[in-house]
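Read from first to last, the chains carry the letters A, B, C, D, E, F, G and H; within each, the first residue is number 1.
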Amino acid sequence: MAKELWKGNEAVAEAAIKAGCRFFFGYPITPQNEIPEYMAMKMPQIDGCFLQAESEVAAINMVYGAAGAGARVMTSSSSPGISLKQEGITYIAGAELPCVIVNMVRGGPGLGSIQPAQSDYFQACKGGGHGDYRLIVLAPASVQEAVDLVQEAFDIADQYRNPVMILGDGMMGQMMEPVEFKEVKKRSLPEKTWATVGTKGKRKPNVVNSLYIDAADCHNHNVDLFKKYAEIEKNEVRVDTYNVENAEIVFVAYGTTARIVKNAINSLAKEGIKAGLIRPVTLWPYPYKAIEEAAEKASVKAFMSVEMSMGQMVEDVKLGANGKKPVYFYGKAGGAFPTPKGIAEEAKKILGGAK
Amino acid sequence: MAKVTFDENRCKGCELCTTVCPAKIVVMDKDRINIKGYHPATVKEMDKCTGCASCARMCPDVVIKVEK
Amino acid sequence: MAVVFEKTRGLAEKPFHYCPGCTHGIIHRLVAESLDELNLIDDAIGVAPVGCAVFAYDYFNCDMQEAAHGRAPATATGIKRVHPKSAVFTYQGDGDLASIGAAEIVHAAMRGEKITTIFVNNAIYGMTGGQMAPTTLVGQKATTAPYGRDENHAGMPLRISEMLATIPKAVFVERVSVHDVKHIIQAKKAIKKAFQTQMEGKGFSLVEVVSTCPTNWGKTPIEALKWLQENMIPYYPLGNFRNTEEVK
Amino acid sequence: MAHEIIMAGFGGQGVMAMGKILVEAAMEEGKNVSWLPSYGPEMRGGTANCSVIVSDEPIGAPIVTEATAAIVMNRPSLDKYESMVVPGGALLINSSLIDKKATREDIKVHYVPANDIAQELGTDKVANIVMLGAYIQASGAASADSIMNIITQMFAGKKATVIPLNKEALLRGAACIK
Amino acid sequence: MAKELWKGNEAVAEAAIKAGCRFFFGYPITPQNEIPEYMAMKMPQIDGCFLQAESEVAAINMVYGAAGAGARVMTSSSSPGISLKQEGITYIAGAELPCVIVNMVRGGPGLGSIQPAQSDYFQACKGGGHGDYRLIVLAPASVQEAVDLVQEAFDIADQYRNPVMILGDGMMGQMMEPVEFKEVKKRSLPEKTWATVGTKGKRKPNVVNSLYIDAADCHNHNVDLFKKYAEIEKNEVRVDTYNVENAEIVFVAYGTTARIVKNAINSLAKEGIKAGLIRPVTLWPYPYKAIEEAAEKASVKAFMSVEMSMGQMVEDVKLGANGKKPVYFYGKAGGAFPTPKGIAEEAKKILGGAK
Amino acid sequence: MAVVFEKTRGLAEKPFHYCPGCTHGIIHRLVAESLDELNLIDDAIGVAPVGCAVFAYDYFNCDMQEAAHGRAPATATGIKRVHPKSAVFTYQGDGDLASIGAAEIVHAAMRGEKITTIFVNNAIYGMTGGQMAPTTLVGQKATTAPYGRDENHAGMPLRISEMLATIPKAVFVERVSVHDVKHIIQAKKAIKKAFQTQMEGKGFSLVEVVSTCPTNWGKTPIEALKWLQENMIPYYPLGNFRNTEEVK
Amino acid sequence: MAKVTFDENRCKGCELCTTVCPAKIVVMDKDRINIKGYHPATVKEMDKCTGCASCARMCPDVVIKVEK
Amino acid sequence: MAHEIIMAGFGGQGVMAMGKILVEAAMEEGKNVSWLPSYGPEMRGGTANCSVIVSDEPIGAPIVTEATAAIVMNRPSLDKYESMVVPGGALLINSSLIDKKATREDIKVHYVPANDIAQELGTDKVANIVMLGAYIQASGAASADSIMNIITQMFAGKKATVIPLNKEALLRGAACIK
């Protein structure tokens, strides 16, 4: 298939449909409106269902219902809307339902701005909702990667019966890039014998539920969840690196910011400064190991987490580096973004200071 | 002739069944305590039962079966 | 001897956890009997609320989902859109439906979502220990209205059936009670009718059941039924507010 | 070689379309491309812009902060983006609507009377194509042929009649670059 | 004043009233119902206002309104309800409004259990809502401390114009202990000149808002917020230690869990094992320094974070220890709790392994 | 020469950001004039929504709060309880009030919250670019209803005034329009009446203003007013649904 | 005699004022463009103005002042 | 010395009140105390319990996992809590309602016919006070005087007539411990 130009949001929607998603429940919010709009256009043509929910709260609970009923289902929103979904998300995680949730992050806090940001990292990766649970969080850096990851996300969700979040940002949603819809390798997936599809009088009722009224039961449920999470941590970590070999400074950045960092790396290279990039593709499970290995490299003097935020992922970088090398932060928030120049200058400052 | 049977251990002693029996034959058995710790409902003069099933319909805990 | 009455197979074996004399049990039975008699139980998917009926998922002999507090109509919407031929219902209390879930029920009605809602109005939050509900009567005491509900401070009770009846696609709306055998029989009729309306694909259906909470009303079960009759029904008149015959 | 372009103007002046046509054309030529619009309520009546990149290398940030060229269709855009052009870069000014001159001397400035030309051709609507013609002439970011291929695809069918008009606009724009 | 027996929830409510809180908006949820119930009883007697909101979402937005209008205002809930408040909380943080939010945590995820837990640590401390913002999080370990901290919380909130969260758990809410309502030292506080109280025709309108439509403005707003947060980090860190001197193993635990840990320490002491406790009282700002200092002590062989969760605060312990000493985790989730015996055994295992 | 008409001091100097011909501007003016004429502006506290009117906090010459999407009635409740003597109002769009904020408006009405809500019904989400609102007419196109609203899929539009009029403490509810000068004058009367009702402490008041969105309707401002008259008003009949005279 | 004045730079050229003037004297000035880029409304034959203020009441942008 | 007590029974048997009276009394004696109830829907008809601690030292965990004493008012509570008592600890069994015997031999077991005694005194309601009397006699966690002070405060006023009844119950309970 030839490459076509796709807008990020629309490409994400099309990728979901290609992955067999036939149910979408959402609520408008900038900068992700093209996702529901594309779904509204396409779903009726393919016997799927697009429904505009009355709110993000309703949307995520529709997702809960549809996922529990055995469907491939998706919702999308942006930061304030994702905050409203937190209760629903922890229910979905607690009931172990598969679904895909897209967050095209915008500047916060509060109503904030509508420009691209990465300030929902903590919320996505550490738990915006209550209780011990994990989302699998995928962070594409190009429209092509978004398309690939969205398609796989549905399989990952089904394989582990766990919600998967695609963490993009306004830039990812709004930009156009060439895309090729490749045939994605399908995973072999278990049947959804747990889904509520009607007993047909042939089996005991299925129950979709996250309530464990007895504390010991609830503890055991948590232990089971964490066995599953350990499995995911073992199997699903993804990370991309760029010029880390012999780098003096290793940037850590994800999503669109990683692209800006590449520009900075190239311009530093011109000045003879060796800089590399570790780009986590999965934000949870986090590629701590890649950071740790880099920290152990003699050439590496420091890490710098670059984010469109006031500094969130930097904590995971520190956890990965575990004191072996200093970890710095550089970022802009509220819809502003770091420039290659700003990044390069900061890096030089650090390396100067480190000398 | 009609018969009512009580799934006694489901009974919570709420007494609602006693209020609706036209024959007024459903009573609480104050001498006995079921597994849940309640005095269960029972019928003393079964032969007066008309099998109207009012008791069963009123019972919130599906304790009562009625045959005729 | 023939069986005149026995536990419907629409109900599971598990005994209810409800307090003695709580009418939740009666309403459960009516729903289960209706589903069974309409031959829907094997295809039914129910949604339990957060409230005393939270364990409803253990009591109905059909597939069930436990929804977040107030969101059962949204959850049911997700289910129904996936399984348009199944009988999908929500079972919700007045805190669940009329308070935190007010938006979800209004919008399920607006969409004409082809689901059936059993709305148990006991004028109180039972599960959490007797707090005020939107349906708590003026003057009625509750743990969060210890001096009785003051209409100048907390307003007057919401009449959900009347409110939803203004919505075009809420095609069946009826208020019933379970305080005596006669009303129990009527209540079941309404519940059956609601499910039929759903299966005919006409739109959203709701049956509001005026119910008791002996525990939090501080009354015996028998007193509670009397109080219901004397206090609830005057403010919450029984009757049909919408039915498909009216709907063009 | 990387072309990093800011295109800006009032909403309705077709700056978004101008960018899209360019990246479509460049993509067909095998280049790496990206297009990123501004968005949000400031578009309501205000200024709209897009960042366009055409490059032989894989593209880093899709957002242009140091432009090899800025195409400004109205006055506020000139004020905002003149400073963003790298030394030696190009600034294309829609001189039909902007009476101000550029202030920088370290860049190449082209004054293109895009709306005047478009009106001569019969409709303001092709002012953006005039400008695009000028830009590709000045930069070589894509060939006129590739652009015309895209425009031809866009208007295939009922609207095919406007294709020659667009071609004319493109050429007239190119002719403005000496 | 003599000591009286108070239930945690009621003591918290009374402490708020003593601190001048006259507005409370809440929604019932176990195990914190005694807070709204107490407020419902007391507020009418003191010309205050208790209102049962239609939901947690409404409650937090009522808090927003009342805080913006210049009042001392509080809300309380437990885990699922707090998840629903996330959007409102980030709005309050973004608009820089002072208020107090109580979370009597219960087991999660989802509907979970209703028993005590500490699995909302991430949500409280890292950001359950979107965007870069911080709650000041206070974690009392006794009813007396809860009373003291609640009273101070209102001052802290007003001083920094920032929401303050009291992070308790079901145990804290339900237990009775002797309490003395002491006169709390009042801070000198700035006047609320920003509050919406009506212009009275005498000044320009005040606006309470978190929207910064221009990305640069929004970035600057974030920078300002983080200046304030740095100030708070400098001034407000609180931590309690127990037997850390010469300890071989240092437990880190907060809230009621810290009390269980003390039992474990005492029983380890009987066996001749020196164990200590670092008990963060402020969870944000976190007492990283106390951890760091302990990590530098020669006697200390390891840390063990003990939590009623699957492991959340342990990440902050690691950030504090920064690789200087190993950090272990021990916990129970979903409403179960670690026992002194379990803790002691785990500690011995670690020290055995460390030998 | 005497001034017959000039900008009220209830409005700030800042020009509106609304699209050309958008009737939000007219409605702003009516609210500001009403507050000024009733001598309430210096004591008023307004709540802006999330929607095209999000910047309303810059336009009214009184203290303002910017609420979360749909939550203006809750925010206003917080404010009013703190300042019971102030004139507190919310200004909300149909996405804000009728969709995400449905629970909050129903409950503010139920409580009889002494606030005034100006509800701008333009049958669309303006701010976010023309998505379907609960009030979008059947058949009307929107970006999330590209084939026109299908009543079998998305239901029929909510009539908020009719729905809220079933609530006892919603003591003033009126639907008005601003499509010509006569209706603009009537609309202002209703808005003033609503504020008076609030200040008399009688309960909750709401004025629904049928409004245009030329941009997202894809019409000129003049066409939009015509479309409003021909399509909106038949489904959203103008008139008073509740007023204090009716309330005992 | 009546007078209308336009705060011209607030005008967005929506034309609504032109539709309501009973004297039909409010027109768009196609020859001029204001700071916002719109053709502003204006009155050509001021002497026909009755000062009815319809134009001002219809204007969404509070452009018009009317005196009499 | 720390008393860590589990008190358990059906809802309605007054186990919560029994615990509260004990901690009030012990607090007045200057001891450190805490009281923690079970909560939640399992209380609905099911078993209720509270953890009570009376100690000379500051109290660690308020939740009792290794009890110095368990007071069980009904059969399910016996089944649940017998194992929680530390070796050498005490188990007080309401033998009026529990016909089963304790199985452990490493603890002190007291059988108190609390309901029988209470009924003798005229009302089931004081069975908890009978049990409390037995417990303080067995443990010395608080004196009978302190307990009576608290009970006297509780029933001060209109209900003062029940004070002697409670005193009698307390003493009768104490008398069960040999």
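In this section, a residue touches a chain if its C-beta (ideal position, glycine included) is under 8 Å from a C-beta of that chain, and two chains touch if they have at least 3 such contacts.
Because the structure is a prediction, the values reported are computed rather than measured.
> Based on the averaged CA atom positions, which chain is farthest from subunit E?
Following the centroid criterion, the farthest chain would be G.
> If you tally contacting C-beta pairs, which pair wins, C-E or E-F?
Ranking C-E and E-F by C-beta contacts puts E-F first.
> Report the inter-chain centroid distance for subunit A and subunit F in whole angstrom, where each centroid is the mean of the CA atoms.
38
> How many angstrom lie between the centres of subunit E and subunit G, each centre taken as the mean Cα position?
Measuring from centre to centre gives 59 Å for this pair.
> Averaging only over C-alpha atoms, locate the centres of subunit C and subunit F and give their separation in whole Å.
Spacing between the chain centres: roughly 33 Å.
> At least two other chains touched by the same residue of subunit E: list those residues.
30, 51, 54-55, 57, 80, 87, 91, 95, 110-111, 114-115, 209-211, 213, in rising order.
> Name the residues of subunit C that each touch 2 or more other chains.
If we look for residues of subunit C contacting two or more partner chains, we find 18-20, 54, 66, 68, 99-100, 102-103, 106-107, 111, 127, 134, 153-154.
> Any chance you could list the residues of subunit H touching two or more other chains?
Residue numbers touching two or more other chains: 40-41, 45.
> Which of the residues in subunit F end up touching subunit A in this complex?
Interface residues on the subunit F side: 50, 54, 66, 68-70, 95, 99-100, 102, 125, 127-129, 131-132, 134, 143-147, 153-154.
> Which of the residues in subunit E end up touching subunit H in this complex?
Listed in rising order, the residues are 3, 5, 30-31, 114-115, 170-171, 174-178, 256, 259-260, 262-263, 266, 337, 339-341.
> Flag every residue of subunit F that touches subunit C in the complex, lowest number first.
99-103, 106-107, 109-113, 134, 151-159, 162-163, 166-169
> Touching subunit E in the complex: which residues of subunit A?
These residues of subunit A touch subunit E: 57, 79-80, 82-84, 86-87, 90-95, 105, 107-115, 117, 119-120, 122-123, 126-133, 209-223, 225-226, 309-312, 315, 318-319, 321-324, 332-336.
> For subunit E, which residues count as touching subunit F in their complex?
Residue positions touching the partner: 23, 25, 49, 51, 53-55, 57-59, 61-71, 73, 87-88, 91, 95, 196-202, 205-211.
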